[in-house]
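To keep things clear, I will list the structure first and then write my remarks on it.
Just so it is clear, A, B, C and D label the chains in written order, and each chain counts residues from 1 on its own.
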Amino acid sequence: MSFEDLIRDIYQNIQQLEDRGETASYIPELSRIDPSNFGVHISTIHGDQFGIGNCYDKFSIQSISKVLSLILAYRILDHKIWDRVGVEPSGTAFNSLFQLEADQGVPRNPFLNAGAIVVSDILLSHLKHPKADFIDFVRTISNNTTIDYSSRIAQSEKEVGYRNVALCNYIKSFGQINNEPSDVLDFYYDLCSLEMSTKDLSELFLFLAHDGRDIASNKRILNERQSKRINALMQTCGFYDESGEFAFKVGLPGKSGVGGGIIAIHPDQYSIAVWSPKLNKKGNSYKGMKFLEAFTTRSELSLF
Amino acid sequence: MSFEDLIRDIYQNIQQLEDRGETASYIPELSRIDPSNFGVHISTIHGDQFGIGNCYDKFSIQSISKVLSLILAYRILDHKIWDRVGVEPSGTAFNSLFQLEADQGVPRNPFLNAGAIVVSDILLSHLKHPKADFIDFVRTISNNTTIDYSSRIAQSEKEVGYRNVALCNYIKSFGQINNEPSDVLDFYYDLCSLEMSTKDLSELFLFLAHDGRDIASNKRILNERQSKRINALMQTCGFYDESGEFAFKVGLPGKSGVGGGIIAIHPDQYSIAVWSPKLNKKGNSYKGMKFLEAFTTRSELSLF
Amino acid sequence: MSFEDLIRDIYQNIQQLEDRGETASYIPELSRIDPSNFGVHISTIHGDQFGIGNCYDKFSIQSISKVLSLILAYRILDHKIWDRVGVEPSGTAFNSLFQLEADQGVPRNPFLNAGAIVVSDILLSHLKHPKADFIDFVRTISNNTTIDYSSRIAQSEKEVGYRNVALCNYIKSFGQINNEPSDVLDFYYDLCSLEMSTKDLSELFLFLAHDGRDIASNKRILNERQSKRINALMQTCGFYDESGEFAFKVGLPGKSGVGGGIIAIHPDQYSIAVWSPKLNKKGNSYKGMKFLEAFTTRSELSLF
Amino acid sequence: MSFEDLIRDIYQNIQQLEDRGETASYIPELSRIDPSNFGVHISTIHGDQFGIGNCYDKFSIQSISKVLSLILAYRILDHKIWDRVGVEPSGTAFNSLFQLEADQGVPRNPFLNAGAIVVSDILLSHLKHPKADFIDFVRTISNNTTIDYSSRIAQSEKEVGYRNVALCNYIKSFGQINNEPSDVLDFYYDLCSLEMSTKDLSELFLFLAHDGRDIASNKRILNERQSKRINALMQTCGFYDESGEFAFKVGLPGKSGVGGGIIAIHPDQYSIAVWSPKLNKKGNSYKGMKFLEAFTTRSELSLF
């Protein structure tokens, strides 16, 4: 069965499933999204593309943006970035403040909120016009000028972001944040507010399936070693407290966001994005996880 | 360059490196091993084999045996095993007792000592002659009757095993151990005392590169789904506090032991075992890690 | 109102209260005690004595014995004992194993199980015939040869003592237990199995209201400094997770046990013991706490 | 020996001691204080007063103000205050954020920073003009109009208060702070910036030695039950991680501040204040602790 047929078939099966997830409620703006949205889009390194459902509708990618900010910071600092943030899975979310105490303000990995806040601090220190420079970077590597922030989402998250204020100031108290916490967080909320469609996402992340090079132009976005590191990090830390489960069920490096989006990479093959707003108990898209599990199982393209 | 030439070349380079590791000292018997031992052996699903250095010398595989006991328990309970032990990386070792409290005696994954103790308890409940049945299982799936326990090593570990006694009794206090703690631990020490060479290891684990089937006979040892799960677990949890680092540097599922051995699997390609007794600060073989990093980088066969 | 009238009056009031507590269930033998038992006994430094209810019935004093073993160890090591066990309240019980990790096997105070296990280890190292010597000590300082261990209770607690085995071996793994864990625990269970009546208790502990001297003979059991330290420890750490509440409601140094007994000391005045088997949610005698609160409030003899 | 002679004698002895403490450095303004300051002042319920050394010099009382804000909040909410903050000692400071997680944003006691921040939030909700009303309250109960805030100290602490911002926002994330975190903290820093002399302190706190009534006017500041509760809290929680040690060495309820001040209460007798800026490793005045230990030992007026 071709990728297209397979995706179409699985999409229809999952579409009919009772959705046992819940829309993220802690960010007010996110809870207003129509929960019946469901889109899938794949891009392969051979130039094939296929999308279905709400694959062209833009949504809030939330934590998926942590991969993008990490990539830009990684380009700037190269391996020195690992002095500021670790590369190991974190165990429970529950431990996050506790872990910061034990490790003196160095977050365990860049996909925890704590880690992404440190990455935001790094960008703030190195970019002239952080907000403009970052969106330029994302648009450039994706050849996609339609990608933008949502100030409405950023504002909505900021208004309830007490836990993030706590994290950022706690890290600052260990001397591991260089800028003013409020500036770091404002930028962090901007980063999390990026809106894209599954099509945008699968095209944007395809270079990670291609050893760090853009497909069309063959230009390097990351060197091979860096690209491998990002994939390894997505494999071990991309799904919060469900990273081990995802490695088994889907078997690909990936990253999810509480907006209901997931991006997954099959090195040397493709990148695939799914979107369905209702989340399982671990905070990952309920239908998105089901779709990807069925897709890698039936395509026999898990890494394992 | 062929696998053979590549392995030979890397072996010689690493051989000359200053070994910055330290032999495991907490188990007295292990500290007596000649630290200059260094062996490598690869087995491919196409039937190729190549070994170098001390590749035929048997050594204590220690925690690598946790994969074998898990496999046997998985065959017995199938997915019901995940009621007793989790599948998520653990964060720091440092948290282990604390995590057990939070999760009411369910260890986070089967490669933590706590998790392997629970797996030992499962085997003790389901096998008629646990010690004999387990070694039979290992010999059968490896077609290798030379594999055996070392009672000397088991005894040496038992004598200093206070932390393991603590773990086992703590889990028992939550009702998550069914047998007598001392029986569970005696069996656990037997399991950890298995001795094999890198050749034995690479041959034994090759079925995990072959979707769970033995190469020669094509007989199923695990079904495809189970085989994928074991590989995913080795990818996310196989190297203690250095699992994220290993996923990046080596990019393969694997498991290490404090005896200085490491097994790594490249699905659909090969299994490779290395042995060098001196350990880095995270408890993984210093030269073994260096070797595997160079091997997957130069062979361009990382999963990422 | 005289002490006698006051005690009689409060006793009758509390007797009529609905007992919202639960008998300790984790030690099977303890759960068989008649929950309607209720006894009170006071002894003053002026030689007055008064008891009511089941004040002459012996019961399992459990953790109250931790004060007695500490006193004997304190006599032996004097202030050097504080190298082995701390003097600070512990926060939640919930943290106990975690705290041991942070403090490298030194328990926060001698009234935690972990601390009492270390005290047992000290006694085991310094007494020729630990079990006989300890009971001799208790009988001598109390002039009471009827006090004895209950092997039935000791055995019953041992059979379910997995958490204590975990604690003792965990401490041993930090090198802070010198004897064999199983020997330490056997002795620990003996200590906890002491049986006394409220009369025995109030007489035995009266010397702590008298700066460490026996009332009748004026002989020193502890020096003044040591006696003050024991009282201070009972004030800050004597009631598990309810020490702050007890300091407020009762306002006296004291110690409770899961057998439903409580001893409280009013320096320079009296010692008072109560017994009622049903425990509140924090593990302290429900009626015992109510009685003592009423008694110190109405006698206006709280320290604060 | 009279109180005066005793205080004079001990003062001279301690004055000559090498001061092994260190001035608090984390608040820049505090580190500028002359470390040789040393003052003591006692006030008794019989109207006697005696001071020595720098007993009339005002200094930053810092955490001692946590008792005053608690008293005012306690007058407003009475026992309902314990729904918002606990009464148990905390174990290590080290645990504070962790404990908040376990207890869903309810700090363990009101003398932890977390607890005092919650008390500030309560006052902010109930006072019309919080800053003015609070200082009025303090001046009224002490009949002392010279007591005031130091805006310089408040500002200095605010500038480095990242840990407090973290605490306040973390508690807010559990819904346990009702006002804006920045408003709560501004008020909290004002409270901590109170300046008094040891004479001011001993006079102000004397009512706690008098069951809650002002000595001169006999007016109630707290009812007897409330006064007892405050004393019990100071006994069990007043000295951070050294509360157990203080209960033993000094044997009185008390509270210290990082400005080097300590207040201690002997119920039905006196209140005594000491000030010496250099702190021991636990953050309590080095000479202050030494003085009080000698004073209660030689006056034989410890509670135990």
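Everything that follows uses one rule, which is that a residue touches a chain if its C-beta (ideal position, glycine included) is under 8 Å from a C-beta of that chain, and two chains touch if they have at least 3 such contacts.
Keep in mind that this is a model prediction, so the values were computed, not measured.
If you take subunit A and subunit B together, no chain is in touch with both. The chain with its C-alpha centre at the largest distance from the centre of subunit C is A. With centres defined as mean CA coordinates, subunit C is found 48 Å away from subunit B. Measuring from the averaged C-alpha position of subunit A to that of subunit C gives a distance of 56 Å. Averaging C-alpha coordinates per chain places the centre of subunit C 32 Å away from that of subunit D.
Counting partner chains per residue, subunit C shows two or more touched chains at residues 94. Of all possible chain pairs, the ones that touch are A-B, A-D, B-C, C-D.
Every residue of subunit D that touches subunit C in the complex is listed here, in rising order: 86-92, 94-95, 99, 102, 108-109, 227-229, 231-233, 235-237, 241-245, 247-248, 251, 253, 267, 302-304. On the side of subunit A, the complex with subunit D involves touching residues 94, 97-98, 101, 162-163, 165-170, 172-173, 181.
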